[in-house]
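After this come two complexes, each holding chain A, first together with chain B and then together with chain C.
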Partner chain A sequence: MSGVWRASLRRELTLIWRAPADVIQPLFFFVVVVSLFPLGLSPEPELLALVAPGVVWVAALLAVMLSLDGLFRRDQESGALDQMLSAPVMTVVPVSAKLLAHWLLTGLPLALVAPLLGYMMQLPASVLDTLALSVLLGTPTLTVVGAIGAALTVGLNRGGILLAVLVLPLYVPVLVFGAGVVRTALDGLPTDGLLAVLGAILALALSLGPLAVALGLRISAGD
Partner chain B sequence: MTDPSARLTVSRLGCERDDRMLFQDLAFNARAGEIWQITGANGAGKTTLLRILVGLHGFYQGQVRWSRPLAPDLLYLGHDAGIREELSARENLQFSRALSGQSGDLDAALAAVDLYGFEDVPAGRLSAGQRRRIALARLWLGGKSVWVLDEPYTAIDQAGVAKLDARLREAAGAGVLILYTSHHRVGDGVRQLRLGAAGEGR
Partner chain C sequence: MWKTLTRWYHQLSSPRYFYRFASAVLPWLMPIAVLVLLTGLVWGLVFAPVERYQGNSYRIIFIHVPASSGALMGYIAMGVAGLIALVWRLKMAEVMLKAMAPFGAVLATVSLATGALWGKPTWGTYWQWDARMTSMLILLFLYLGIIALQSAIRDPRQAARAASLLAVVGVINVVIVKYSVEWLNTLHQGATLKLVGESSINDAMKWPLLISMLGLWLLYAANVLMRARTEVLNRERRSGWVATLLAPGAKE
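Our next item is the complex of A and B:
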């Protein structure tokens, strides 16, 4: 079973490595959207710092969502998904490897770039690490929850809109607490509690999410 | 890999799709060592039948019973062969092998389907027939006693067809139960199951 997991992870990383557009696109989107705000809004440092937590978080959330539509599509079109579903291992095994690879190459880069964008948005240096930490804790949840929607819509030709409708409401708690952590840090208040809530959401998503994704894929394959 | 107990019983099987009966009251028994050729017009439901048999398609009436849990025994080759264009022949086969729990030698299997020398070329740069051969290489990895093959002969050249015929007969001789869809007949003694033409039984 762990052999299958390792083989799956290696395959997913190779796949992304060979076709990096899927990874570069969300990161590019994230950077561009956040950089446009100072131009469109106003270069005033106080105003930018005020909106920065929300802007960075909304952009990160949309960037992850942008990457979801293609998560299972090519495996479905090529028939590789049917192979996973009819394999003697539980579907969760290759699926969780796929989710990890996806997060490593989309969510993690967002978390690494986030402090840079926060700095550009005039956030004080003292909250930049909190910003990075909140994105680091929040993006795996976004990947896993979004993957449930992607699994359910993979059989549809243009499932993009439906995917957004399904997934966005579930993203709201992550957005509220993610941006909330940064705002609390800006006010100089302790952030442990809010970070713990983000962590709790993540724990819930990690424990139940992959199972739901596997089930969603099976339902999609059924018809 | 011989397992005489692998047996399939299908009774009163029917499937409806888009308000149209694909097939109904289908019944047959298949046992180890038999080769079943499933024929029918385009749209007759061949692929759907195979997907029902391997448990991928859950919307049907009637019963499909395997004498023992299918997953560990199953080698399923879908209509789309599961080959990712970004990966080389070897990488594709390596993943299939890990996933299905087979243990045969990769190079030997690739050589058996005449892909020797192409094993590190991305599958996207190979021809349709060669891509099909990557998937077919799984038949040479061994360890499975039920083969369900959806159009294994598509895009395969004459020499390849002869080789595949021989492989299927050899496997059946060793006790593998084979169900496949194609208009090509492997040889004498192959059992045929013909699905009604599309629209029949409406």
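Our next item is the complex of A and C:
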């Protein structure tokens, strides 16, 4: 079983590595969306710092969601998804490998770029590490929860907009606590408790999420 | 007692039995629901005493609170039905889940609209991002998501199972959302929430409120039975009993 898991992980990473647009585009989207806000609002540093936690977080959320639309679609078109579902291992094994690979190449880069964008949004340097940490803790939850929606909409024509309608309400807790952590740090208050809540949500998503994704794929396959 | 209950549960999970049960209950349930709801509303809107601080504007509580509770209970019931549909694959659980969504979404909308109308005279604003209003808005989004997913998938069984999974995930999410927005708001503005404390409600206002709540829940139940009955007919349209039922001159 762990052999299957490792092989699936290697396959996913190779696939994404050979078509790096899937990694670069969400990142590019993230940077572009955040850059629009100073142009649309006003370049005043105080105002930007005030809205920065929410702006960076909403942009990260949208970037993850948009990247998830194609998560299972290509596998479905090539027939790999059917093989995954009919393989003699539990579907959750390759699915969890897939989720990990997806997070490593979208969520993790977002967390690494977030401090830079925070700096561009005039956040003080002292809260940039908190921003990165909150994105690091939050994006795996976004990947797993969003993948449930992606699994349910995989065979549908207008998947993209439907995915947004299904998934964005489910992202609310991560957004509230993720942006909340950064705002709390801005106020100079301790952030441990809120980071722990983000971690608790992550633990819940990691333990039950992959099972729900596997079930969603089975439902979409007409099982 | 337990035996009767389980037998009833198994009988109701048969579409044919359910159809007969719903057809027998509905002619009674619908008028009773309307009567109870009207009693509660007329009592509350006309005869209940004027509130000391809010004057007559508080009377919207007799619509607002029943609608809010109905929307919340409806979503939780959808989660339970979804779990049953996923685990035991009961067809009727899928049908019930589908039947519960539209009225629940309407109730969430009514709750938001009446809440806004009530907020203007008491809080001075139609909209505030306080914990309860935000949760109800997210609840409405979740309802709409379920309806959208169901309408996007053509095969009714697959649509219902997909909606079941979404409803179960959604119920977990509603709980977390409730706590997250409460935290968000205790940080920013806790005081406004205290305005809607219901613990100290007078009996003269409590009874009409409870009656209109009961009436609205009964109306919800009747609406679900009606929708479920139609859905059963649609799903079973190829089976023999539907054919005989719908044959000209047939009686069930």
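To be clear about the criterion, the second predicted complex is superposed on the first by the 222 of 223 C-alpha atoms of A that agree within 3 Å, B and C clash if a C-alpha of one lies under 4 Å from a C-alpha of the other, contacts with A are read in each partner's own complex, and residues count from 1 in each chain.
As a convention for this text, a contact is a pair of C-beta atoms (placed from the backbone, for glycine too) under 8 Å apart; a residue touches a chain by one contact, two chains touch by 3 or more.
Here the structure is a predicted model, which means the values were calculated and not measured.
Aligning the shared chain A places chain B and chain C next to each other free of steric conflict. When the two structures are aligned on the shared chain, A:Ser207 is found in touch with neither chain B nor chain C. Once the two complexes are laid over each other on the shared chain, residue contacts for A:Arg18 go to chain B alone; chain C is not touched.
Of the two partner chains, neither chain B nor chain C is touched by A:Ser126.
In the overlay built on the shared chain, the residue A:Gly222 is in contact with chain B and with chain C. In the superposed model, A:Ser42 makes contact with neither chain B nor chain C.
By the touch criterion defined above, A:Ile148 lies against chain C but remains apart from chain B after alignment on the C-alpha atoms of chain A.
By the touch criterion stated above, A:Asp82 is placed in contact with chain B alone, chain C being left untouched.
Of the two partner chains, chain B is the only one touched by A:Val4; chain C is not. The superposition-derived angle at chain A (between chain B and chain C) is 90°, Cα centres, a multiple of 10.
After superposing the two complexes on their shared chain, the closest approach between C-alpha atoms of chain B and chain C is 7 Å. In the superposition on chain A, the residues of chain A contacted by chain B and by chain C overlap at 222.
Those residues of chain A whose C-beta lies close enough to touch chain C in the complex are 145, 148-149, 152-153, 156, 158, 162, 165-166, 168-170, 172-173, 176-177, 180, 201, 204, 208, 212, 215-216, 219-220, 222. In the complex of the two chains, the chain B residues touching chain A come out as 51, 54-59, 71-72, 74, 76, 78-87, 91, 94-96, 98-101, 122. Chain C makes touch with chain A in their complex at residues 86, 138, 141-142, 144-145, 148-149, 152-153, 155, 158, 161-162, 165-166, 168-170, 172-173, 176-177, 180-181, 183-184, 187.
The part of chain A that touches chain B in the complex is made up of residues 3-4, 7-8, 11, 14-15, 18-19, 74-75, 77-89, 94, 221-223.
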